[in-house]
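The data blocks that follow each hold one structure.
First subunit A sits with subunit B, and in the next complex the same chain sits with subunit C.
Take a look at the complex of A and B:
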């Protein structure tokens, strides 16, 4: 419980949270030394999805504007990486910033649709985005298919000053792999996105978003401009999706327009929504937990699935492949969470936290 | 404010301590994985995918989604081949082979993730399915020094250092197929069009068609493209019908083939369909489409009949299928998986003989081979360094024969080699 305004303003409150933050920092630095590059590659993708989900949570969880077009903005970041980073040799900060600005502008252009639409109608319009982007990307061949049908991102520079994350960090006597280095960069960006989102949620803007979500007419009466708030939310969410697209593209090494738009793009957008539902709508840490659960969980099943007996029949040779198993499990998981814990992993986490905060007393 | 400053100082101190600790414990980039692998006295040392007793090979293939109908039989073909080899002790009679299968969903991004997750666990890949998938993974294979056999027949693979292709390229299939149609198939003077997938696989069909048209000095008709997973082919078929196409080259996968031919049958469009090998899947044509397919479709592929006496390779494969996977129905894609595994076996055998199963050792062993053979099931592949490789230039034109052949297709013109195919260059 906070007893003063100053305490309320603190980002990290209380000894337990400070201790937990210290553990998180230690894990951040230690993890790449302890686990394999293959696992780090998955965690880099988790980070990309976490950044995108944090943005989408601002839009859906905080402002109540449902969007299934998130993949279209991820594509902006991904193609900035390929076209500007890999193709034109731009430095990392230049194409990363360009991606964010383009995402911001695209979101601000889409945002006004949300002024006139709500609920199912808004969902339909945002679904249209992934199909419009499919048409654009399919026909823009110089952008999307420069090398034998794919757009490479492998050679995009990922250096900030003397720190070259793309080639692998060289810290004096220690040399790190690309995966180790990219893990640090990615999760530092996740932390940055989380801080930005957290600060937004507790500011006047964040309260305005929640007021628009809960009852936009009432929000207008108390002086909140719903239009500006909705457009702002779209713009910020889109910028974060574009940033996620940069990391996503760097993590994969090559991108394919068919998987960022059309039906596959819609599936990616649904994955983002699943992440924030499972993680916890309206929470920043829920987006991160959801990304870890959905992306890393699927990898875990893919890794272990081949040896996993399903009713005595190994997958891949039996009646279900790991891809299908993943679909069934995560579909089921969403249903279970919506029925039993609609506030997602964040709510489960809050219970654990409360237990520690109240220890040794149980409230 | 003081609190804030103190917290910031503490944060910086923790971070600095962590960084200092990290500086002492980095790990070098695993790079090409070329270290290790060479054993003394001929016994290969442990290497990625080889623990001293068992060799693990990878297969990144769609086991779910629209193209699983191809991925699954190809993988069974891989597996039954190694089951047969393992029964006699394994590679060189000593090292059994395990196949690590991962679902790529026929998506290059999923395949990239699966590749990263498995590359350190495998000696090489016995199967990477999909032209687009192989294309997007090529730089990674080159960087990591890993050998992979593509379940894709793009002519672009012929000169690739890290690839182990195994049959006549798609471009050759198309060149021979169209040549056959123009000369022996009654298509002289007819308008030839195309319906091709909108990706790197589709490009192989368009490349081959453009080449054979130039060789024959003919002008092509309407060229239509579609996106994988298209659900309604009305527009595409109407465009082809409206353009007066007499024959249509089809570069697709089975589900799209059935969709396109189903629509063509509906609107009464009956050209001669020339389907590249991945268009075929027997179960899709056993129902309402049977008569239409038998009348209008030929498949451009390689190989012969489903007959134990057709070749040693075919005999071995049918026997292995009956023994190790008797519930699997006859399927042309089994021959693909079998041939890939046969090629992989030859590389592993050479590497074991040289006592080196490292990544570099496998590439050197592969380059030391003179021929990659499929024991007569497909044509022999002239091997050596990438610039010396010479794929088979023969194709088989199959007629659809649902009841007459276990595969549903039967050779109409076997081992057909056109003059145009002989002219095709793999160096461009």
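Take a look at the complex of A and C:
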């Protein structure tokens, strides 16, 4: 183990991590060629939730500010995609950047509420956020088209320079589908969000966040400004949620305000919180693992659930629908993890790693 | 008044239905606040108590033909049992965990209960065979629903019984002591486990009562019953999470504001958009919390340096 400061600051250190990173990059490039477009579509959605969860984990896991209003900020990104990207024909980077800035501003505006409210009061006020956003979206008909139904996002341009991810990449010798191209874009953005969050946690800002989480009074005494830190955390989390909203909207091809706000918005926010609980509070890779587990699992049951057996009886002939099975498993997963592994998949992962590092000794 | 388009009768009827709706919110909020006060758990699964309570009452009264006045207390006993089972099986194991983990546990329970309920009883709405139906009482030109009158009566009785219990019974005294200072209460020989169980049992019973009252009269038993609990959130937070009095006051306040908004807003403040009465509780909540961050009757947290 090296102890030099420079080595300590490196993002990837040690032979294990280098090997693992190489494997990850190889999987990133190879996966779209190996699996079906339908599965890729699910993985794109996983990526969108992973980006949002990374942001929320900075807020909840690192700063200790619980929010159940995350879906409201996802809606900002989703409607930027629909209105600016699909409706006005803005280029990808333009509406993506607009979504992030709007998310940042919205988070900074909501943030000051967090200064006056604590713990449980904050949880419930952020629930109000998804209901208020439902009211706004329902009445803002030119944006959300509540009468005609869903707002389209599929025609939004997804091109960065010569690379057109929306139409499918054309790399001279090979043609790729929209799903394959979008997978690469999405998971590159997940990696970007992960690096940003990882570096944030190791910086002065990240340490300030943790100090505020652990005891904000003590943090104040040693010179951290809890107010600024909390608002900053809200703003960053909201910006990442908006970025997630863009990918979410592009992945689905159309959005519906009823799925993003109100009671469904609350369920979406809960899904984000469940992702970081199951993945591991306060860890970046936990957010990604959690998103894969929860979103992939839910999609799997929604698509294949009818054929799955419960106690030997296929769901379609049993007493429970796939939607209900999904809900029960989701709730059950939260309960089981909280009872058996409150620190989530990240802790399981750490256990596996320690076992390999210690082998052949027990520890 | 007649020139403005909203008549006096309509106003009186709205005030009355506001109190009736508020009484239902107060019942929901009270069960919620009791658990919070005694155990510091923000119990999202309370929405399941309301939902399950409505369905159990329906099962007893409609399917098994039990007299409604007997079915209601029976269902409340069942609700109390579910509450205690939850506390013993799950919540007790999380003692000392972060409050946030405990909230998530109750959300997990909410998902399981809601989906099992709709798997057992199906998605359709059904009428509770309550003896009040859609009967109304006419006082001059004002129509009042009998079910609303009953709701107000039952709620007052439940709240009254609850406050007597809190003030004069030894268990109620223990609950207050535990809520004030758990360690000091333990030191004086109060059994915290018994107090926690009692709180969860009370919440289960009150949630069931709220579910039955919400589906009586013009209401119906259906999967969306639990969603009302989310409107009761503003009610209890406006009152203050630690205060049963606050839950009742907050419930009535939110009920009145919601009904008045439904009546007056389309006419006088149409720019707020259609269906504003659905978000009015949340708007009121935010405004009140900006002035008093701990609600009207909540306990401010003391910061000492």
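The rule is short, and it goes like this: the second predicted complex is superposed on the first by the 352 of 363 C-alpha atoms of A that agree within 3 Å, B and C clash if a C-alpha of one lies under 4 Å from a C-alpha of the other, contacts with A are read in each partner's own complex, and residues count from 1 in each chain.
The working rule: a contact is a pair of C-beta atoms (placed from the backbone, for glycine too) under 8 Å apart; a residue touches a chain by one contact, two chains touch by 3 or more.
Keep in mind it's a predicted model, so treat the numbers as computed, not measured.
Using the contact criterion defined above for the overlaid structures, shared-chain residue A:263 touches subunit B and also reaches subunit C.
Residue contacts after overlaying the shared chain place A:146 against neither subunit B nor subunit C. When the two complexes are overlaid on their common chain A, residue A:324 makes contact with subunit B and with subunit C alike. Once the two complexes are overlaid on the shared chain, A:297 sits clear of subunit B and of subunit C alike. By the touch criterion stated above, A:274 is placed in contact with subunit C alone, subunit B being left untouched. Looking at the shared chain after the overlay, A:138 reaches both subunit B and subunit C. Of the two partner chains, subunit B is the only one that A:38 touches; subunit C does not reach it. In the superposition on chain A, contact of A:332 is made with subunit C only, not with subunit B.
With both structures placed on the common chain, the touch criterion links A:172 to subunit B but leaves subunit C unconnected. Overlap of the subunit B and subunit C contact sets on subunit A: residues 134, 138, 263, 321, 323-324, 327.
Of all the residues in subunit B, the ones that touch subunit A in their complex are 7, 11, 14-15, 18-19, 21-30, 62-65, 68, 75, 100-103, 105, 107-109, 112-114, 116-120, 131-132, 135-137, 139-140, 156, 198-200, 203, 227-229. Taken together, the subunit C residues at the contact with subunit A in this complex read 36, 42, 90, 93-94, 97, 99-101, 103-105, 107-116, 118-120, 227, 230, 233-234, 237, 241, 273-276, 278-279, 282-283, 285-286, 289-290, 293-295, 301, 303, 305. Touching subunit B in their complex are the following residues of subunit A: 12, 22, 25-26, 28-30, 33, 36-38, 41-42, 45, 134, 138, 147-150, 152, 154, 168-169, 171-178, 180, 252-256, 258-259, 262-264, 299, 302-303, 306, 316, 321-324, 327. Taken in their complex, subunit A has these residues touching subunit C: 60, 66, 113, 116-121, 123-125, 127-128, 131-132, 134-136, 138-139, 217, 221, 263, 266, 270, 273-274, 277, 319-321, 323-328, 330-335, 338-339, 342.
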